[in-house]
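Next up: the structures, one after another.
You will see two complexes here that share chain A, one where it goes with chain B and one where it goes with chain C.
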Partner chain A sequence: MNWNTLFFVILPYVALFIAIIVTIYRGIYRPFSISSLSSQLLERRRLFWGSIPFHWGIIIILTGHLVALLVPRSIVLWNAHPLRLYLLELTGVGLGLWALIGLLVLSWRRMTVDRIRVISTPMDFVVLALLLISVVTGLITATYYRWGSYWFTGIFTPYIWGILTFRPDAAPLAPLPFTIKLHVFNFYLLTLAFAFSRLVHIITWPVGYLIRPWQIVIANRGLPVLNEEEASQ
Partner chain B sequence: MNVRAHMSMLFHLDKCIGCHTCSIACKNLWTDRKGAEYMWWNNVETRPGAGYPTQWEDQEHFHGGWVYDGNGDGKPGKLRLRLQSRAGGLAKLFFNPDLPSLEDYYEPFTFRYGDLFNAPEGDDQPTAIPISQVTGRPLDIESGPNWDDDLGGSPLYAASDPNRRNLSPEVQEALSEVERVVFNYLPRICNHCLNPACVAACPSGAIYKRVEDGIVLVNENKCRGWRMCVAACPYKKVFYNWSTGKSEKCILCFPRMETGQAPACAHSCVGRIRYMGVLLYDADRIEAAAAVPDDRLLDAYMDTILDPFDPEVIAGARANGIDDGWIAAAQKSPVYKFAKVWKIALPLHLEYRTMAMMFYIPPLSPVMSTLENALTRLDINTEVEDFELLERLDAARLPVQYLANLFSVGDEQVIRRILRKMYAVRLYMRRKTVEGVMDDATLALLAGAGCTPEEAEAIYQLTTLPHVNDRFVLPPYHREMAVETWKDPLAHKGEVGIGYIQPPKRGD
Partner chain C sequence: MTTKDFRWLTLLLLVILLVGGAARAQAVPLGQDPVAGQQIFQSMCSTCHTIGKGKLVGPDLAGVTERADVAWIKQFIQEPDKMLASGDPTATKLLAEFNNVAMPNLGLSAAQVDDVVAYLAAPDSAKAPAAPAGAAATGPVAAAPSGKAPSLAGYAPSGEALFSGATRLAAGGTPCIACHSVEGVGLLGGGTLGPDLTQVHTRYGGTGLAAALSTLPFPTMQSIFATRQLTPEEQADLLAFFARAAQQTAPQPQVKLAMLLIAGAGLTGALLVAMLFFWPRQRLSISQRLRQKGSLRQDWR
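The block that comes next holds the complex of A and B.
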């Protein structure tokens, strides 16, 4: 077994396995611990400049990764024209920078604001560090190894599908530059940290709010659970 | 008709002495924890005043409650949350501009008492310096709980009261005049609304209203700390615990009520201003009642509360599984009597359209105390003084419009009617007990205020001489039956106590 297999075949399975099992355990047996852990009450100005760029930037970039994974053809077709390739890459870099600025503001806030420091756990700093590595290596990749969107679909899409379908093949990753490998490796570290940190709040994103009735009424006995619309919309 | 029961509290504001015992009882019982130091589920504000959190009534700023867009043009309108649309709520998860910050409440503090003992020997007395309960660092205290306590005429605090907005400049000025300074106390808890904005705003669906008694609760296992409820509650009665990352609110002491005790604030109330009772309401009418123009809002709201003696209502209640003990409690409910039978109690800020279920009897004392002085100065015939007083509510020191802004969606007539009635009861009882003779003029006055002698006696009785069982008419909760729905009660009995306790811990 070489490093390549350890980092890009074994680690992903271990990380995913732990993330899934622990998240389920936490969701069922320690639901109280799952929270976005907002600290807006304590400090709001810096949060505004940090949280909004970071969250939106990272969400859009992740969606981009996901599109490349699910419908690689769309990216390939889009990139058929060099101008559009440029556009995509530039947008990616822009969003990455935006997220990076947010992340830096958030880190600075966490380290310098008294009120925020006292509620920070060591894990909060671990998460911040991992995210910083992730965004920085992503940005380096986008600037120094351009056309990332091109070869992502060529190398990573088959690789990740291989992992997900239990036919892992990390060989194509071996010759990639160090930064890109670090980016991937770091992603698995984030996956490992997922269930043990505030990152779990990602999967509690409350889409149900779009359709649930405005009012929720619950009976402890006699009547069944009632979900009803009491105020109109 | 969909009959449900509600536990409601009533505050007789004339009797509140502003001692804050209620707040302390609540604090000791529920919010004396890390992250909750700044929370006052029960607080008592001085009015006119800024309130807690500062200027919470300024919905232009905080965007709490519901808005109804059918005011004016006669067409039926729609209700919507002032805070957010559904998609808008999700978009604001990362930063919610309407969330109050700690400065809107105050930074909780304590004192470093250890310094008193450990200070090195010196020429001066050691002092215990104030430190923040958040950071533990020394802190310049700039505000605190009840910072504007009793500052009725203060140009800083009282002048910033959002309810003064529509008062004329002269009246506003008079409110800050040294010799006319006036204030009264306003104790506040969560209103356990029929159309709660906190429930509607919660993206996780973690907040809910209990069917059996209407208590609105946060399920902290489902709460994800999105804190929309904090912003959406127009009364600012949901709080965010910065230590656990969960929202918390007044639970109307349900563990106490389930064991037959009144909520701690009511139980400890020194002025005995608080009453607890069951109200039966029609859940099917809530939506329609919340969506009417301002001028019909109070009537529509009062109509959702049902007559517990009406056979149809009783049948409806039974059909919905409300047991006879609750129906009997509803019939004896002091809240029902004050609010529906005698019609002298009102909800706070109904215009927020959350359909608040706690009731207030507007204060008569600050109104009348000035009147008497003013009239004495005006040399009015003392023989008829009492009667004249009644006609001159305009001269009241606490403006009627101000009370109307608090309790009757701005409608002065409602407040006048209530004050007249309360004053008529006072005059009637004075004639009867002090002078011992009843004259026709007094009886006519009483009738003019829409009150009969029997009613006056009953109001007097429940206001001044109630037994503790008259103030708190608590229904039997039958918790022993609650468990039956999902478990064999004997099995449950055998199992409770087994397991381990998970201390609330900030997610790591």
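The block that comes next holds the complex of A and C.
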């Protein structure tokens, strides 16, 4: 037993187990708590400059991680020419910085805007802190320990598949630098926090929208009013 | 059950699982098995060390347990990086003697180190069977070190293609450029997870580098290359490429890092500017519209 096994074999299973079970429990017994708890009605300007960069940045980067996990060959073939490798990597750095700026704006907004501060729970700050660690360690990995898109396919794709297929092997992670390990460990903390925080809103994808029946919307606004008497009748 | 109880229950569950996992993994096998030690030696050490066949990258280890203190040897094998960083006089002297090639931390467990030292103390006692079944655990057993340069003649441009990933490695290993840099390959250079390899041929010497390429005994690389060894042709081509590369000076990773950051920040700036075009399309709230029209009561503003 060592820390490596604890953090990268036992913790992921504990975190995933708790995330799944508690999310199901919450979905059944507290269905209306599954929400992003939008505060757009309270403050919009800073939300726009924080939420849009953070969400788009993080979603695209997470998709990149997912592609490297599910179709590693696509990344390897794309990276076969250094110029394409650099294009992918600098796009990742750009999106990471964009997400970081968004996250900093959101943190600043949550701490300084009175209306937002009063509705904040401690868990909101925990989530912000974990996300900050995640983005910062990710950026350090992408710049200081480059080229992550390439070595991910050699080290992390087999490791994550090992976890998902119940044949875990954390040995490949043992010699990696601290920052990369922290990035992975922090992801498991986010997984742990998932079901207990506003992070659950990730599962509220509006897929029903695609198959729901159409609705008729009639707009009255902007129609010319003929005269005051007619309007009052 | 209230939400509060529920949270505590979850926390308790987590602690039980963690402690349970920790307790289960206590059973560590005892070391000092020279046969197991031989297998580890062949897969992890033999690229740089021989027993009684002379120096390679590192010293000949014949009779090392009589020359040096066993506790010191064990500590060195366990954590060579820390030992060198601490300025241990013997370790520092050895480093200077062997071209400043520091021994990598191999990530062996204490029991595995005991096995290796048991083997070093009595190399003849371990006459392992030809194909030991347990070898799979530490990776395939390497061919015995020959101490000679490989007979194949490598072609440097092919080696460069292998290095940059233009030609895929036959066994499916990750191309070198993912973690290593060599001056002259790519505008932004190679990776920086592993060390720069521009001068590696000078540091290891032809024989040492050939031996290192045959098993790649470095801990981070082992998880990839233990089961995906380079073919003899690939090793020869890469060796030729590294010999050619060593004629240049090492690249400057800081400059490449700055280029990457500037390019990334440029993209971020472009994205932020693009956002400006979307902001006006956001509808104002009713109260904001009333404020703008000036029709909201003064004390409500």
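In the analysis below, the second predicted complex is superposed on the first by the 214 of 233 C-alpha atoms of A that agree within 3 Å, B and C clash if a C-alpha of one lies under 4 Å from a C-alpha of the other, contacts with A are read in each partner's own complex, and residues count from 1 in each chain.
Note that in this section a residue touches a chain if its C-beta (ideal position, glycine included) is under 8 Å from a C-beta of that chain, and two chains touch if they have at least 3 such contacts.
Computed from a prediction, not measured in an experiment: that's the story for all the values here.
With both structures placed on the common chain, the touch criterion links A:214 to chain B but leaves chain C unconnected.
In the superposition on chain A, A:41 contacts both chain B and chain C.
In the superposed pair of complexes, A:52 makes contact with chain B and with chain C alike.
Of the two partner chains placed by superposition, A:84 touches none, neither chain B nor chain C. In the superposition on chain A, A:14 makes contact with chain C only, while chain B stays out of contact range.
Of the two partner chains, chain C is the only one touched by A:150; chain B is not.
Within the superposed three-chain model, A:196 lies in touch with chain B and with chain C [touch as defined at top]. Residue overlap on chain A between the chain B contacts of one complex and the chain C contacts of the other covers 30, 41, 44, 48, 52, 196. Within the complex formed with chain C, the residues of chain A that make contact are 1-2, 5-6, 10-11, 14, 18, 22, 25, 30, 41, 44, 48-49, 52-53, 76, 79-83, 85-86, 89-98, 101, 143-148, 150-151, 153-155, 158, 171-172, 174-177, 192, 196. For chain A in complex with chain B, the residues that touch the partner chain are 30-44, 47-48, 51-52, 54-56, 114-115, 117-119, 121, 123, 196-198, 200-201, 204-210, 212, 214-223, 226, 229-233.
If you check the complex, the residues on chain C that touch chain A are 3, 6-7, 10, 13-14, 17-18, 21-22, 24-26, 105, 107, 164-166, 168, 173-175, 177-179, 185-188, 190-193, 219-220, 223-224, 257, 260-261, 263-268, 271-272, 275, 278-279, 282, 285.
Residues 66, 78-80, 86-87, 89-90, 93-97, 99-102, 134-137, 194-196, 199-200, 202-205, 207-212, 220-227, 240, 242-246, 283, 286-287, 290-291, 320-321, 481-485, 502, 504-508 of chain B are the ones that touch chain A when the two sit in their complex.
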